[in-house]
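The following pair of complexes shares a single chain, subunit A, combined with subunit B in the former and subunit C in the latter.
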Partner chain A sequence: MFSLIYRRVSVLRLALFIAGYVWMLVIPSSQLNRGVYFDENALQPGQVNTYWNWKEVRDADVFLEQLERLRDSNATSEQRSQFLMNEFLKIGLSASTQSYEFTGIHKVINGTNAYAILSSPRVSGAEATVISASWLSRTNEGDGTLNLRGVATVLALSKFVKGYSLWARDIIFVISDGYMEGMQAWLSAYHGAPQSNLYAQSLELTSGVIWTAINIDYPGHSLSHLGIFHEGLNGRLPNQDLLNSFQYISRRTGVPVVIYDHKEEDSQLNWLPSSMQNHHEIKTYAAQARNLWRHVGFQASGRGSGVHGLFHQYRIDAFTMFALPASGPHGFHSLGRIIESTMRTTNNLLERLHASFFFYVLTNSDRFVKIGNFLPSAILISVAMMFGGLHVWVDAAWVWTNVTKGEMKEDEKKSVENKRLEPQPTATPHTAMVWVRRKRSVLDVLFIMIGTHIFGASTFFVLSSRWYNTVSFGPVVLFAVAYALPLVLRQLISQPQDHLAVSSLAPAHLVLKAFNLCLSSTVISIITVLNFSLAACLAVALGIPLSTSSPSSHKVVSLVKYSAYIVLGFGWILLGETTKRVIWNWDILGVWLLPFLCIVYFPLMLQAALVCII
Partner chain B sequence: MKGIYEGGVFRHSPLYIPVNYLRLPFLFNLFGEDFLSAALYTGVDVFAAYALVRIWTARQRKQTLSSESTESKSSLLIIIYTLNPLIILPSLARSTSSVDNAVLLTAICLACEWSTSEVASPAHKETEVSSPSLTDKVDQATPPFALGALFFLALRTHLSIDALILVPPMFMLIFSSPASRLRRPGPFKYAQKYDRPYSFLRQDFVEISLFILLWTALAALTLPSLTPNPGVWWYFFTEMFDHFRPFFLMVFSLHLLLYVAPICIKFQHDPLYSIFILIGILATLKPYPTLSDHGLFVGMWVVMSEVHPYLRHPLPTLLTLLHSSLLQPLFAHLWLTHGTGNANFYYASTLVGACAGGLGIVDSIWAGLRIAVEKGESRNEALEEKEVVTQQ
Partner chain C sequence: MLKTSLVIFLLLFNSVFCIKQAAEEFEENLSLKSLRDGRVTSSFSFKTLLRDAAPRDPRTLALDNDDSQHYTLFPLTLGQILRQYAITELHLTLNAGKWNYESWGYPDESGVGVGAELWAWMADGSPSSIDERWQGLRNALAGLFCASLGSLDEQRTTSPRQSFPPQGDLPDWGLPHELRHASHASEHVCTENLTPFLKLLPCKSLSGLATLLNPHRIFDADWHGIGLHVLWLPEGVEVRLNVQLVSDPLRISSTNKQDWSFHSLFDRKVDQACPIAKTSRVAVELPSSGFYRVHPEPLEIKDGQAYYNLKIANEAWNIGTMWPTDFEYPLSKPNQALVPFSVQRSLRGSTQDRGELSIVVTNHQQNTLQLRYLETMPWIIQFYLHTIRVHSDGVLKNDLISNISYVLPVAHSRPATFESILTLPGGSNLTFTMNVAKAFLRYTEHPPDAQRGWDLPPAVFTPLLQSRDDSIGRIYTPSLLVDLATPDFSMPYNVIMFTCSVVAFIFGSVFNVLTRKFVVVRLEPTEIQDN
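Showing the complex of A and B:
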């Protein structure tokens, strides 16, 4: 069987690669996904009569008016939080403020959060639910649009829930300052997880373990749809039952639910012939592919899709209800009823949401792909790379050479494992084709690989250092160094060109390529369970390029190849704003993308680049 | 050690208690507890690496090797042992398994020293510091090296009972030689260095057995704690109905003993090799394994350098080990902190680890037997052809 695999390994690899990539393309199709369902029977979504009514809408309108006055008077965050705290106190909740300061690499960020806690009227308050709104809306990832209606909704809700005694857990209302950073400070103070560059005032009021959190984002005047944003930091996802209950309740209330802010759009298919444009399957595919693309962007970059993403790091299921700005037909009335019903659904839970409902890909608000239907795509590519690596490893050991009969005796003495003599019909009488076994210099190659990873780690320290981010030409210099240093080292460490040794020693580039492929395959298959989107991106970025790396006899060609790999591996630091954002995410929010790129991804590419020039 | 175990129930040898209270006031004030325990564990690991090197030199003594390559090989061995994450991480966690490893390696090392000291030529005088005085009164008392080996073996067995299965091959090692005889298999050869083996056995082993019986905490035999660990036992026993527990406890424990006789008989010509195989079996199948057990197996694997060319699939084995050692922390994290995975995830990753161990053991047995065949009929066509295909 082994021999069969060995002989067909090239075909097998190609088949696996094609299967993997095709599978990836098929994920958005409606064949692989299925309708959502509830796994946790305790949730009972939408089984209650809601009490939110026009009186509460009136409250929200009054709060909104006051907030608008605050906005127009250019109130500082200090004044805003004081106002919010006073409103909470007037309602009769215990409330407080928390000021914080991030001394980030780029600039100092400070602000003040306001929060209030409603103690559970029924039980001792060992668990809590958070209803939050950030001051800045997530529109364009916090471009400065204010989330006034979201904040007004939270204030009105706090007044509303105070009047009912059906809450089985504490309800915490948080109005966080800024976009992401306010909630990061609040959560790290709540959970006692200090961050070296953050000064956060400790919280005067605390409650129990937070199970669920709902973040409300309502930037427009009215809303037409409610959007679900669910990706957390570092690719974490909330339990799917929470999202399912929300979308079920919302639909029952009469507000259509979409995923992200994607309304149905037909214009994107204009380039297709009209008969295909209206084909149901193609339309669904296009819509779901768009959703999936957005999902991969959020999950692979690990930055999360909004304030809710910060909760996931403390094992809290959270999502953002995004009210799509429109001129109608819904407003505070529908939104309040949906939130109330969702809160009462989570109120039914006796334990944390726990069923294995964490591994999914939402392709639409009511469709999802199960783990078994998307995971194999990346795994297949990783297996193909593994086979490639093992194949190169075997190739490195054996060479099919032509030796003359006279030399053979000597050769035999030289390499003890001189294998399988086969008289070849084509060979001249004095020569024979021989499988000669070569020694593979494992240790040298391992040292090279460890060296590349250490080099990657040092670039990470440079990138996340303060002085790097103050000089404007930093990226160019760092890229130049990363480009030139391996070349210079290559020149300095000249290998002994001993022909006698060469014939019995496998070329280092083959061994390096074998190990590089095996390591990348391991990295991809392990990351699939942690962050599938990242694994899929890696499978695309590493799969084919690493498998095709090879040195060339032409010096120029190999140099071009080397440059291509370096650009693929490290070119991202030249991207200006994007890179700055990645660094900011690591610095303030602790997103792992930056260290991952530097310490894992770049060295793997660098190894492939070294294969070309060794 | 104190900080880690304070307040919890733990089932270790009472010998660790004095270590905890061994607070040299002066040093303690000067360096602080953290530094002292770090220094202690560093020392233990370095000592274990030194013992490993001594084992390697003892094994290689008969083979023709230039001193330069021996030198570089020893430093490589030290690097591989001390910088191995499987060894470093348990030491950082202040696991007692680092001490267990050091004690076991010392026992093997002393046994090797003893068995080489007698047959050694004057050229290797540096290793026999105390043996000249011993040779003349060899029949009166057990020689210190062998006694030391026995003492450390007993200590190791006392610290963790699983070393019991290493007792037979250790005795074989003491009575024979650590040099590699894999190429020349044959019946067990008793090296004539001790006149009355039976009295030796009777006196010392009985004394040492008493020591074991008096002191050993039999935790490993009753499996009281089912806290998840890298082994394969805990999950079975959490899933099992209670009334089956004694039966399966017996089956699992006896199952470990099954390996001793076949391995010792098959590798009777090279007891050190059977110790190596049994260490691998222990690392894979014992009730409370730690990472450092796998680390010890890897370290011993490096010592057995002569079989490396005959391994069939070293790279797949190492890759499986790499997968399991990356998956284990990941799945533990997904299960315990992230909350998205569950125990099945972690158990799956430990099974991958067990597969890696199994592959390593099977491959090592294969290579240990193959090396003899290869030497005898080096141009066996049929085997060669197979080798070409399967060699990876």
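Showing the complex of A and C:
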């Protein structure tokens, strides 16, 4: 059985690779996904008569007018938060402000949040729901578009909910300053999780444990669709029941729901022949592939798709309702009804949302892929890599060599006898082609691997240091160092190859490759359950390249290969703005992508690069 | 022996005699007050006094012939419970909502902790132990009030004597008196508790102030609570039943005014006073400023209070206050705080095994304040006392906490009791932090709604009076909710766990069978003898 697998392992690996990559490509097809459903029976979405009406719309309009005046007068964030706090106080809520300052490695960011707490009648205040809006909209990830209508909706909503006694938990209204940073400061003060580069004023008012949060983003004049943004920091996802309830309610209210800001109309299939453009299956695939691509972008980078993503780190289920800017037909009236109904659905919860509804890939607002239908794709590739690694490991132990019979030592004879294949008698009677066992230097290779990870860690410390981010030529210099240092070390350490020892000692590059493949495979398998998109990206980035690394007899070819691996592994630091964003995300929001790239991904690539030149 | 039984007999005879002779009195009071934030607090109090009666001596419990209970006004069902378990003093409150001390001031009845709270003073010396009588008491009261008081078991029972001193007198029997206290934050008060409560009143809800106790309105109020207090005073045994509520006229009415009347608050009017009540009085606290009108014209105005006597015949009382202008919420804090200090308590940290209990106390006065701080914590939260840090206005000052007494929790059975005294310099802000560990429960110990978390009882702060005429007693913080490490009890995880266990079991057995070699080992008889 094992020998069968061993002999066919190359075919098996190829089959696994192909199966894995094809599976990844098939995930967006409608064959693998299914319609959404509700797992938590307590939710009962859309079962209530909503009370939000034109009076509340008028309130929202009035608030909007005041906010526009505030915008036109170029009010500082201090003045804005003071205004918002006063409005909350006039409504009769307890309200306060919170100022914060991030002394990050880029530049100092400061601002002031305003928040209010409705101590709901009759409840103990041990649980809470958050309704939030950030001052900047998420349009182009906080490019400066104001979320005035979102803020006006929150203000009108706070006035509205005050009039009812049906709330089962406290409701906290937060208007966070900036795009992401305001909410990060507010949440870290609320949960008492200090951050070394953040000064956040402690909160004057607190409530209980926050279970759910809804973030409202309404940058346009009116809205045509409502979009769901749900990815959190470091690839966390909210409980799917929350998203399902929202999309069900929204549809029932008459507002179409899309995922992200992807309207179905904008088709990108113009390059296909027209007969195929209109094919239902192809259209669905194209639309879902687009959604999935966006999802992978948000989840793999770990940056989250909006302000809601910050809540997930404190085990709060949250998402952003994004009102797609349009000239109609919906506005405050529909939005208010949908939010009210969604709030009342979450109000029905007696427990936190649980029921293991956290592993999913939304391919459309009402379709999702279950864990069993997407997870195996990355796992198959990881298995292929593991087989590859083990194969190389076994290969490293044996050499098919030409040995003169008289030269064969006793122990070698023994090992020849123990080997799997019989020595093949060859033409010359004095020599024989035999499988000879050789030693594999594990410790040396382990030191090399640990060395690469330490090297990766040191690049991480350089990248996240203040002075690196002040010099403009930093990336080029760091890349040059990362490129040259292993080469220099290689030259310094390399000993003249003892050709006589070749047959008794396995070449280091084989052992290194074996370990490298096994480690990468393990990393990918572990990450699949934590952050599937990242695991899939790793499977693509590492799968084939790491499996094909090998030294070349030609020095120049080796060097070209080495350079290619280094560019793959560390080239991202030359990307300018993108890299800056990654560093900012780590520094301010604590997104793990930067340390992951430096400490895990780059060293794995570096090991493959070393395989080529050792 | 003969002597003691004679004493007991005399005592018994005496008490029987007393009760037979006792005059029973009933009085009902209602006080109403408009609050700063537009809400109205109403506090009903129904007092029955059993003149010259005394609590039962626990030593007479052995005799079991306590058949002297003939009452006219005093609630019999309650009297039976009190005598059966020889309770000297008893306080039971069932509340819903979070009392907002900052904007509502100090309540008329101090027991405003959320959920159910029961405490009783009992003398020792009976054949059954105090804990047995405590258990019997809470089960009897659970039956009487249709509330889950049975869950106030030994996992929630503590004896913090300092924070809950007796409010009446304790009889001088030469026996030690013990306190038992328990609270249950997630117990909800509702109609099924109010109905038996009304049955204890002599006029039920047919006449008198109890007419106003309309469940639809009481349980819609922002804060509501019912309470039962039994104490021994020099005059006799007093039973006080009270209902407190904080209603929001601005929410109920469609206008923007804070006007209220009996009709708007309770949807009822009082047709007549309870005929057997000695007094039946309504007191309305007059607003300190602004234009307003109190209707009907009060009988008497004294110390900023308008008094009405409902015993005077009238055409259905509908007392209320009206304002000419719309209500506006105050935009700033009051110049003079309504309570001398305010407390904020939170359990921080987002992990499921560690956390930090944080208390922020603000002294609104200029003089130093000393507070007794009590935590009665279920064993699922374990304190690390060595991590206590006290900061005053941001400066570490550990000497501001003193007199720490701590009763260790016992896992799965006894809660912790932590008592200490905090000293707050005038106008200062004191922060108390302590690290806590969250327990890992056995899976059978999780409640059916496991993912909700566990409610922790409120902490209690009592100011140590320093020759001030304050009537401030205990101040309760809101309750907390703590998330413990909880297995996912939902179906998919059960399936995964079950399948994995089966696979592991089968794999283990098969692996064993395949890899082990079973041989018969023959032992030499001599070896057996040696052994």
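Just so it is clear, the second predicted complex is superposed on the first by the 592 of 614 C-alpha atoms of A that agree within 3 Å, B and C clash if a C-alpha of one lies under 4 Å from a C-alpha of the other, contacts with A are read in each partner's own complex, and residues count from 1 in each chain.
As a working rule, contacts are C-beta pairs under 8 Å (C-beta built on N, C-alpha and C of every residue); 3 or more make two chains touch, one makes a residue touch a chain.
Quick caveat: nothing in here was measured; it's all calculated off a predicted structure.
Superposition model on subunit A: subunit B and subunit C are shown accommodated side by side without a clash. Of the two partner chains, subunit B and subunit C are each touched by A:Arg352.
When both complexes are overlaid on chain A, the residue A:Gln47 reaches neither subunit B nor subunit C.
By the document's definition of touching, of the two partners only subunit B reaches A:Arg236; subunit C does not. Of the two partner chains, subunit B is the only one that A:Val529 touches; subunit C does not reach it. Of the two partner chains placed around the shared chain by superposition, subunit B and subunit C are both touched by A:Arg315.
By the touch criterion defined above, A:Gly192 reaches subunit C but does not reach subunit B.
When the two complexes are overlaid on their common chain A, residue A:Tyr6 makes contact with subunit B while staying clear of subunit C.
With chain A used as the common frame, subunit B approaches subunit C to a shortest CA-CA distance of 5 Å. On subunit A, the surface touched by subunit B in one complex and the surface touched by subunit C in the other have residues 315, 352, 354, 356 in common. Touching subunit A in their complex are the following residues of subunit B: 76, 309, 315-316, 319, 322-323, 326-327, 330-331, 334, 337-342, 345, 381, 384-385, 387-392. Within the complex, the subunit A residues that touch subunit C are 39, 86, 89-92, 119, 121-127, 162-165, 191-193, 206, 208-209, 313-315, 350-352, 354-356. The residues of subunit A lying in touch with subunit B in their complex are 2-3, 6, 236-237, 315, 352, 354, 356, 358-359, 386, 390, 393-394, 397-398, 417, 419-420, 435, 443, 514, 518, 522, 525-526, 529-530.
The part of subunit C that touches subunit A in the complex is made up of residues 37-38, 96-98, 100, 114-115, 185-186, 219-224, 248, 250-251, 328-331, 344, 346, 348-350, 356, 358, 449-453, 455, 478-481, 483, 488, 490-493.
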